[in-house]
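In structure tokens below, several structures.
Look at the two complexes coming up: chain A is in both, with chain B in one and chain C in the other.
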Partner chain A sequence: MNGRTKRLGDRILGGAMVAMLALMLAFLVTPLLVTCLLAFDSRSFLGPLPPPALSLRWFERLASLDYVATGLATSLKIALLATVIDVLVGTAAAVALDRGGFRGRGLLMAAFLSPLIVPAVVIGLALLLFLSRIGVIDGFTRLLCGHVVITLPYVVRTVLASLAGRDRRLTEAALVLGATERQAFWSVTLPLIRSGMVTGAVFAFAVSLDDVAVSMFLTDPSTYTLPVALVSSMRASFDLSIAAAAVLLMAVTAVLIIVLERFVGFDRLLGQGLFRS
Partner chain B sequence: MSAVTIARPQELAIPAPARMSLLLLAPGLLILLSIFALPLLGLVLESLKQYVPGRVGSAVDASLTLENYRELATPSFAGVLYETFKLSAAASLAGLMAAFPLAYCIVRRFSPRQRAACIGLLVMLVLLSMLVRTYALELAFGSVGIARPLLLALGISPTSRGYIEVLVEAGLLHAVMPICTLTLLGTIQNIDPRLCDAAQSLGAPAWKAHLGITVPLALPGLVSAFLIAMTFAISAFVIPMVLGKGRVLFLSNTIYTRFSDVANYPSGAAVSIAMLVISLLVLSLASLAHRGKGARS
Partner chain C sequence: MSNAVEFHGIRRRFGAVAAVDDVSFSIAAGETVALLGPSGCGKTTILRIIAGFERPDHGMVSIGGRDVTALKPYERNVGLLFQHYALFPHMTVAENIAYGLRHRGTDKREIPDRVEEMLALVRLQGFGSRRPQQLSGGQQQRVALARALATRPGLVLLDEPLSALDAKLRQDLRAELKQVLAAVNSTAMVVTHDQEEAMSLGERVFLMQSGRIVQTGSPSEVYGCPGSRFAADFMGRANWIEARVTRRETGLAQAVSRSGLSLTVPHCDAEAIDICVRPENIVLSAADTSGPDGMVNSASGRILNVALLGATRQILVETSGGDQLLVMQANRVGDGLDPGKAVTIGFPVDACITLPAGNQAAASTSL
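Moving on to the complex of A and B:
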């Protein structure tokens, strides 16, 4: 094989690779674009693209559905409450795990991350059986319990990663300069791990807002989350108001992305340990 | 006076007692124990209880039995298990094959701006509701979706079982690919690009250099990315439920059906325990692969 055919082969293969990547990106993005477009469709049925005219009729219909308003309110309440609990409890736990000074640290760390390993459906069924046996039948409490369990590991993980990545000498410098340990924590360590806390909070919020597998077990007839309501109506009928709801949820994600980019930055996000084995 | 001010901070620099750490850990441990560990133990117990048809769940004083696990050996359960594994493995493999070149391009080929845009898109996809993505796929490629005329023109029936399997796999791929790519970014960053350059300047064509150098060096990362994708896929719930329309069932869907349709909690618990064991097996493979990586580097 001479040099020219080799380079030609490289170029052809390189071109094929680029084409494949473009195809994969198209596969990832196209369905979302189609959904956005159809959510603004003015037709009352599912017709071929592009829609002849745009309208907000599906959003109006969405707003008129009772279960959407109820579900959305419950979802937001639970996601916010769970995130606040996660950040408080998870940060405290991560700080303690990072300080060490006691036995079984590795085991405890694994324990805090273990809800990520257990399939969500298993957590849902286990919690349902347990909570009904001890007499907790209120849907809101049950949902909150489930959501805290599945989202807590995200905060623990990201805060642990940012604690491990911080410059410990800064805290030592503060101590040497006369700060008490408490002052050093609040004014040096905490600001340093803020990006981990924000990342953890954003992921916890997103996971909570999206969960179906755990929530399906824990709802009661009057308390359900938006995804659970949407899944049920998805199975009942094929209605484009769900596309409108999808656009709404995409907007929430966009807000979360902006928060992440402003407070953390995507390049630093990769150092937060969420995408590491 | 000055001796005092120097001595004070030194005293405080000594790590606080373990009591403080335990105090910080207490709320988290309480949560883990009370609404995670205990319920899982309860699930194990429930899976051993005798189920009387017609009841909701088991009786409190039901006798203990292994009956519920016997069902796990039936062909219908094996079918669900096979389906779960087949589709999960195929989607994870496809996700990996797509993610590897993408991650490589992001790290080595793209300009900083393209890199930021690409990573931003992937993070957005990860954060975006799984339900939204599944619904979007259904809307685009589903049986009543906008691709229907195209499918019919190609002679593919959108309601055939084969096509529904493809659809579920597309859903899993859509979920797994961004995760795989983001996981592999770190792996590829750690590979010295000069090795590949050296091979090429010594006359190797690019594909041979990558196959001989980049891929073997990234192998531990590839293995753990595959297993991460696998654990995600085998516990997927919404994707097979929405895209599979009851024709493609995953283990997780079986568990839910035991709960919602027949209220046979003991059997649902037994399937759950089986699923948990399977997930743990896949994950211990992942940690083995990780340990291998640690030993090598």
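Moving on to the complex of A and C:
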């Protein structure tokens, strides 16, 4: 093969890659754009795109719905509480798993991360049965338990990654300089895994805010999260206030991503949570 | 005060490998010792045992007359300069230096003064509020040194102190490191695989091989009188000539090499010997000029190749008997020592280091 055909091959391959990426992006972004457009549609029915005029009527309607306000309040409370619990428990668990040196470490790690793999329906049903068996029938407590279970793996994972990415010699340096293991943890290890903790917390918050499948099992008639409320209302009567709600949730997510990008750096979000100066 | 550090019969195994195999030594207070050996010889394990990161399986370690074998790192006052410095990235230079002072119970009001004092010692005044990432490699190394010395430890360990720096900077910092260590007058152990670093920093060299210390002595002793082929090869370049002793005189011996070269060497007991001649001890001159004067041992030969190193050249010479010898010569202008040139080489009796043939010290000597 001469140089020219080699170069041609490279160009074809490169072109195909770009085309594929563009297609994937279109596939991901188009529904979001359509939703945004629909949320501002001034018509009272679902008509062909584009809408003839724009308005905020669906946002107004959304604001007027009682169950949306109740659901949003519950969602935020649950997400915040679950995130706090996740960061405390998840960091402690990750530190223990990282230190290792005990039997069943692999099993424990698998258990902590299993909610990422086990289907949400299974988790929801299992939790419902288990919690009613031990006498927890309060909707809020049930939801909180469920959300901690499904969001904890995000914190455990990101903190584990930042622990793995840190330089262990820094802890040794602290010890040889006279710090006890506890002092070394607070003054050296913890500041170094902070970005992992923040990343995990943001993920946990977003996942909690978004969850439908597990929450569906754990709500009671007076305690429900926003996504659950929206899904039920959609079943009962479909209108475009659901698109408005989707736009609001997207806005929250976008803000979270911007926060992460500012404080942690987006490429570190999924890679190693190393210390950022 | 007696010995700053004592090792009594220390053993440490990792699985089937004896990383440290019955090592004993002592270091006098104020002395600087270089622990030298190839990678994997166990020198890092010794460092980690002294610092308290590893516990020996057997044996006793004492520092300043106190048995510290079972003590945690923070219960000993040892300073450690890490190979890659291990500076805390989330703290400023001053906070890094103050870390040891805070945790070793120095009076809070004294800390800022001590930090300034340490910064002055390593010539980094005004850098206290910088972050480690904002400093060059050489500056980071000096901060790490200041941090290690801030608590005035009875013993300072330096783990490959200069290996992370480039060659030119290394030479400057080596001199500076020596000055700083002398200024604080503390006992120090330099752990390194670089024999130049070991010889220039250490007042004594401990040469390690496969978990054991195979030779100790001043740098010139270990370099000039290696006790084994391994020691001779590890300390520097060596030409080896296998020979048999034919006649002995007072203090001298006559030997004939395998290739038929007659040599006069210092007295030795063995019959079959290996003779080591350092490349810098061989004098080389073009065959058409008057040969090297006063050299007992000489041979004629031909230059095979020349490697220019700047101020010096490494010249590989093949003798008429077929021996290949490496010669180190100053790089002088216009002496016409090019490949193919006929030359005469010569070296004095005391340039010959004789070892009994097959002296392999421990298991693996081929490097």
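Keep in mind that, in the parts below, the second predicted complex is superposed on the first by the 251 of 277 C-alpha atoms of A that agree within 3 Å, B and C clash if a C-alpha of one lies under 4 Å from a C-alpha of the other, contacts with A are read in each partner's own complex, and residues count from 1 in each chain.
Criterion: a residue touches a chain if its C-beta (ideal position, glycine included) is under 8 Å from a C-beta of that chain, and two chains touch if they have at least 3 such contacts.
What you are looking at is a predicted structure, and each value in this text was computed from that prediction instead of being measured.
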The answer to whether chain B or chain C touches more of chain A is B
Report for A:218: first if it touches chain B alone, second if chain C alone, otherwise both or neither. neither
Taking the superposition on A as described, I'd like to know which of chain B and chain C A:244 touches: first, second, both or neither. neither
So, A:203: does it touch chain B (first), chain C (second), both, or neither? first
Partner chain(s) touched by A:176 [first = chain B, second = chain C, both, neither]: both
By the touch definition at the top of the document, which applies to A:159: first (chain B), second (chain C), both, or neither? neither
Mind working out whether A:145 is in touch with chain B, chain C, both or neither, as first, second, both or neither? first
With the two structures laid over each other on chain A, which partner does A:72 touch: chain B (first), chain C (second), both, or neither? neither
Applying the touch criterion given at the start, work out whether A:87 contacts chain B, chain C, both or neither, answering first, second, both or neither. neither
Look at A:188 in the shared chain and tell me whether it touches chain B only, chain C only, both, or neither; answer first, second, both or neither. second
In the superposed view, which residues of chain A touch chain B and also chain C? 172, 175-180, 275, 277
Which bits of chain C are touching chain A when the two form their complex? 51-53, 72-74, 77-80, 82, 84, 86-90, 99-100, 103-105, 131, 133, 147, 151
The answer for chain A against chain B in the complex is residues 1, 3, 6-7, 9-10, 13-14, 17, 20-21, 24-25, 27-32, 34-35, 38, 46, 48-49, 88-90, 92-93, 95-97, 99-102, 108, 111-112, 114-115, 117-123, 125-131, 133, 145-146, 148-149, 152, 156, 172, 175-181, 202-203, 206, 209-210, 212-213, 216-217, 227, 230-231, 234-235, 238, 242-243, 246, 249-250, 253-254, 256-257, 260-261, 266-267, 269-270, 275-277
Could you please specify the touching residues of chain A with respect to chain C in the complex? 167, 169-170, 172-180, 183, 187-188, 191-192, 275, 277
Interfacial residue positions of chain B with respect to chain A in the complex: 5, 8-9, 12-13, 15-18, 20-25, 27-29, 31-32, 35-36, 38-40, 42-43, 46, 57, 98, 101-102, 105, 116, 119-121, 123-125, 127-133, 135-137, 139-141, 144-146, 149, 170, 173-174, 177-179, 182-183, 185-186, 203, 205-207, 221, 224-225, 227-228, 231, 234-235, 237-238, 241-242, 251-252, 255-256, 259-260, 265, 268-269, 272, 275-276, 279-280, 283, 286, 289-290
